[in-house]
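Presented below are the structures under discussion, each in the form of structure tokens.
Both of the next two complexes hold chain A, though its partner changes from chain B to chain C.
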Partner chain A sequence: MARLPPLLDRTPVLATLLILPAAVLVGGLLAFPLTLGVLLGFKDATIGEPGSFIGLDNYRYLITDPVLRITALNTALYTLVTLVFKLALGLALALVLNQRFTGYRFWRSVLLLPYVVPTVLSAFAWWWIFDPQFSFISWALVKLGLLDHNLDFLGNPWLARGSLMVANIWRGIPFFTVGYLAGLQAIPNELHEAARIDGARDWQIFWQITWVLLLPLTTILTIFSAIFTFTDFQLVWTITRGGPANATHLFVTLAYQRAIAGGAMGEGAAIAGFTLPFLAVLAWAALDALRRQP
Partner chain B sequence: MQFLGRKICVPAGSLREFRSAMMRPARFNGGRMRKIRRRTVLGWGLGLAAGGSLAQAGKIEPVFKPEKDATLRLLRWSGFVKSDEELWNANTKKFTEATSVPVTVEYITWEDVRPKAALAANLGTGPDIIMGWYDDPHIYPQKLVDVSDVAEGLGKQLGGWYDVARTYGYSKRMKHWIAVPVGGTVECLTYRTGWMKEAGFDQFPKDPSGLLNLAKALKAKGHPVGFALGHAVGDGNNWTHWLLWTFGGKAVEKDNKTIAIAQKPSLDAIEYAKELYAQMVPGVGSWLDPNNNRAFLAGEVSVTNNGISIYYAAKKDFPRIAEDINHAAFPVGPVGRPTELANFTQAFIFNHCRFPNAAKEYIRFMLSAEQAGPWVEAMNGYVTPALKKYQELPVWTKDPKATPFRDGIARMLHNGYAGEPGQQAAAALAEFIVLDMFADATVNGMSAKDAAARAENRLRRIYRG
Partner chain C sequence: MKRALTLWLPLGAFALFLLFPFYWMVLTSIKPNEELVSVTANPFWVVRPTLDHIKYLLFSTSYPRWFWNTMGVASAATALSVSVSFLAAFALARLRFRGAEGVSLGIYLAYLIPPAILFIPLAEVMLKLGWFDHLWALVPVYSTFLVPFCTWLLVGYLKSIPQELEEAAMVDGASRLRILFQIILPLSAPGLISAFIFSFTLSWNEYLYALVFMSAPGNKTVPVGLATELVRGDIYQWGPLMAGALLGSLPVAVLYFFFVEHYVAGMSGALKG
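Then we have the complex of A and B:
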């Protein structure tokens, strides 16, 4: 066997060499642009001019901007509310699909559909479902005599927020279900059987055994889903473009509207900058949770 | 050398070539051109040679002599109608045959052109020519080739540019043309004649109060009007700018600094919008660009603002509705002159283009009568050219319902009026400032003053020194 040159025999040297490709990739493709992005947030750059350094001016303006405030509220609500529903419904579906029943394999694959369909396409479908004139939901409710007019799903700010959340929940459930399905199958059956012999009821088994054993997984699923939801763009952009009157913007769509469409690169970068602390906390929590995994 | 009183830098002999190019026979692709008779083309008075010479499509001498081994890349918006790209490609092929300059044409969704153009401007690489929208060239005028010779040559040849086209193409900062205007997707009020008559109106109203009365009468008959108040980039921005301007309102004064949105004319316009909103079909608060087309064709609304596309869609699929459809220019309010806004497109060449002469020649070639005439005809009036001569094209009169679209460019004001086209005006439009002001006051029930104050705040930021 060929011996390594003596220099490579030394651990620090070899370790550095081995880690270098990954470091270059992560540094060049992630850290470097991210740093540039953060720096851009301190400039008054527009799409045609590099701009000059203006310190915290963008941030100072943005905290007084009513649109940014409503955007922060939207992003928080959008993330929290949808997470609760995605988790609960995803877990419920996983529990059902964990049973052996006729055609369970088929239903498991069907369940993945919302996640597999490109978001832009499903967003278009939701856009039709929420159409003020041609929504089949409105149509059905009117035909059934439960309503005398169409629902204005996307024209009323609160209804619009709710509608977007429904679309997001629909798309996000499979992420939890698939995760939980894997988690459920990893729980040894003996634990359930032992509990049953001790006279535990189904409900008790779920809370005291299944749920407890799923907790570490829940943390990870929740954090990752929170990151995806927090940075969601396609659903909102396709269905409302942040309207009516900026009532449904999330940080990312507002940043896009101002920086890319409107050309205010510096300000757009600052808006994206507002997401960094939240994302940093979430990322740290995710890493921490992964480290604690047995 | 002097040309139209300006010093221009064209190769020696070019002016002669320019003139003689106008005298040269048109080269029409026989198959595609069946809609235009030769006689109508001759009727343009362009001095096109008659008879057999039409068939002898010899090699055209270029006005701007392309560089050796030149190649070009054009990025443009994908066609709103299929025939657009077919004709554009055919004309491009003719250009390549005539000049041996290969041109790659890339089509992307119209809203994606701006970010891509900005990227090309910032990186100094990418497409040589871009057909962009509105203020695009004014965002990075220093990065564009001076196209004064092309613009002024075409203007002289084809009846001159509409004023608004000059504003879009000429940079006051650079003191030359930075883009060659192509045209606009003009919008008109599309309405159902039968329902209008049923509501007691023989003619479409010519002023805003007439429009409001018509809307009320139509609603009483169960046929409400509908205008987009969601973030509809085209339809929403267009009708709300018309409304603001027709009452004498404006975002910014002529100095391009003083914000004027919260003044009385704007407040009047907002109050009017509130009244009109009460007559609209429910749900306009979320309308994006396609919504009004669908609602109109489904018979849910009686009047809306749109390009000619609704009419052609109806002709294809709902002939009885098409018969009932007609178009009218937007009414004229207290300012006493038309104040419309339409998506406006123009072609510009980046400094990084290695073959600027080839690029100029391509733009000149594509916008010349022999190419642009058939192109505009084939689009059935979806794009109204920015050169006055093209109003003589048969497309505007062979179906009288298309005529109101003919003069759309003449009725337009530029984006950012009364200020200058540029980054600020582009930002204000992209952020829907005017549109959202009206949406805040109507859909969200804000007072006119509060809605205007919110718009004013944002405009202050955009137009800050």
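Then we have the complex of A and C:
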């Protein structure tokens, strides 16, 4: 008589048991709150008060709120500008590191540090670098005679936005560098050699071979970076808290300010809700890019 | 000559930009207050280095407590998440069952959902559960971003392990669970190390959840403690703050330097489908 397989060797049973712990954690503390958050955006809830459904009132109010408008603009600008720089500089650094040289491992490890250390802690360093009284940048510019007063980096809206972008670019370069280094190492050397024999110049080789072959990777890196830049909280909240006068808020810092600091949970959830359509598009694009990956 | 232009010059420029903030952190944490606020002194150097800021941080603030809080939460969250993810990843990479596609998609989407849009409703859930201001509550909370990440990473890794060994063991009558623990587990060591390092680093660096859900000074993590208890808005905060940033960065930096290759492999592995 054939022996029946023990219960645990039945694939559906075993699969369910193995996935269950992960599903409970992710379902209970991620999927459920996400749904709750969407609903919360349609309520007038405050901290400790469940509130009642008020339809689109939160959203209707928010689109007339000048602070939200400037926040939307900031978020778009912050994401787009930093992405361009992170991509270009990250790729440039990858190209530099991709040349074999003594000390390669050392330099690669050290130059990835901005991505590794806790963001809030490096943000403190940037905050101090942008200090209105003691910034070394002001000190150096004044010493060089280019300026006659200190720059109020975080007190002037445009300087503050620029300062935040610099800190974000600083932190994000290594992400692109690591991705591109892996991509560059996957390009067979023969391609470059063949092109060189045919008399192609360095920049032609770069644009027509390297860049083209890296395009699928560029798409993926850009999407991932966009998702995390556009929902950034740590850098902005640490360095400017959305100031001066709400000029540097991103969606998430504004949501935090209104919901947690101000207690308007429903309104905060609605502010976070503004990011959802963009996130959905980016997630779909990421999925599509990953499926196309060779 | 060409090498100077294509290698050392750009490398030097990148090093200057990317490493300068660390130099600034170290410099500030050993600079006495008189020099920090002096308008005449050269800001790029320190004349009389001091350990006062570090001493203040270690003996007059709750910094050591925050440090061990972070260490405990990061270790527990990592252990929980990597174990749970390993089991799920095995099922997704090796077992053929209905709904596997759907689960994979769910994990992937969960991986793309940033904590930044979850903290408000999650705060409600935490209140209902009575988990507010309990340090251990951060362990399951951190698993919400660690589990999708680790599962994703480990599925990719498991798929790269050839199946012959398992098939041979199966022919010999070994059960699925024995195969999982005696064959797959040891073979997955490099993937597991990447998952461990990443999870630990991500938990150590986490800010938003710890900021929203912990309020007693004794329950704070390093980034939250420094940001809420040490930032006093005066000009003398910088020494201790930079010392705290430096000491708080060290554990992840040390871990990273020991396992650079695994870290890099994990970072690029997370981008693969």
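Convention: the second predicted complex is superposed on the first by the 266 of 294 C-alpha atoms of A that agree within 3 Å, B and C clash if a C-alpha of one lies under 4 Å from a C-alpha of the other, contacts with A are read in each partner's own complex, and residues count from 1 in each chain.
Simple rule for what comes next: a contact is a pair of C-beta atoms (placed from the backbone, for glycine too) under 8 Å apart; a residue touches a chain by one contact, two chains touch by 3 or more.
Because the structure is predicted, anything quoted here is derived from the model rather than measured.
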So, A:25: does it touch chain B (first), chain C (second), both, or neither? second
Touch test for A:133: chain B only (first), chain C only (second), both, or neither? both
Let me test your reading of the model: by the given contact rule, A:214 touches which partner, first (chain B), second (chain C), both or neither? neither
Would you check which partner chain A:165 touches, where first means chain B only, second means chain C only, and both and neither mean what they say? neither
With the two complexes superposed on chain A, say which partner A:247 touches: chain B (first), chain C (second), both, or neither. first
Chain A: partner with more touched residues, chain B or chain C: C
Thinking of the overlay built on chain A, is A:122 touched by chain B (first), by chain C (second), by both, or by neither? second
Considering only the touch criterion stated at the top, classify A:114 as touching first (chain B), second (chain C), both, or neither. second
Common interface residues of chain A - those touching chain B in one complex and chain C in the other: 48, 131, 133-134, 260
Using the touch definition up top, name the residues of chain A that touch chain C in the complex. 6, 8-9, 11-12, 14-16, 18-19, 21-23, 25-26, 29-34, 36-37, 40, 45, 48, 89, 92-93, 96-97, 99, 101, 105, 107-114, 116-122, 124-126, 128-129, 131, 133-134, 136, 139, 170, 173-175, 178-179, 181-182, 217, 220-221, 224, 227-228, 231-234, 238, 252, 255-256, 259-260, 265, 268-269, 272, 275-276, 279, 282-283, 286-287, 290-291, 293
Inside the complex, what are the residues of chain A that reach chain B? 46-49, 61, 65-67, 130-134, 149-150, 152-157, 160, 240-247, 257-258, 260-264
Considering the complex alone, what residue numbers of chain C touch chain A? 3, 6-7, 10-11, 14-15, 17-19, 21-22, 24-25, 28, 36-37, 43-44, 84-85, 87-88, 90-92, 95-98, 100, 103, 105-110, 112-114, 116-125, 127, 140-141, 143-144, 147-148, 151, 175-177, 201, 204-205, 207-208, 212, 222-223, 226-227, 235, 238, 241-242, 244-246, 248-249, 252-253, 256-257, 260, 263-264, 267-268, 271-273
Partner chain A, residues of chain B touching it in the complex: 111, 114-115, 118, 121-122, 139-140, 143, 229-231, 281-288, 291, 294-295, 298, 300, 423, 426-427, 430-432, 436, 439-440, 443-444, 454, 457-458, 461-462
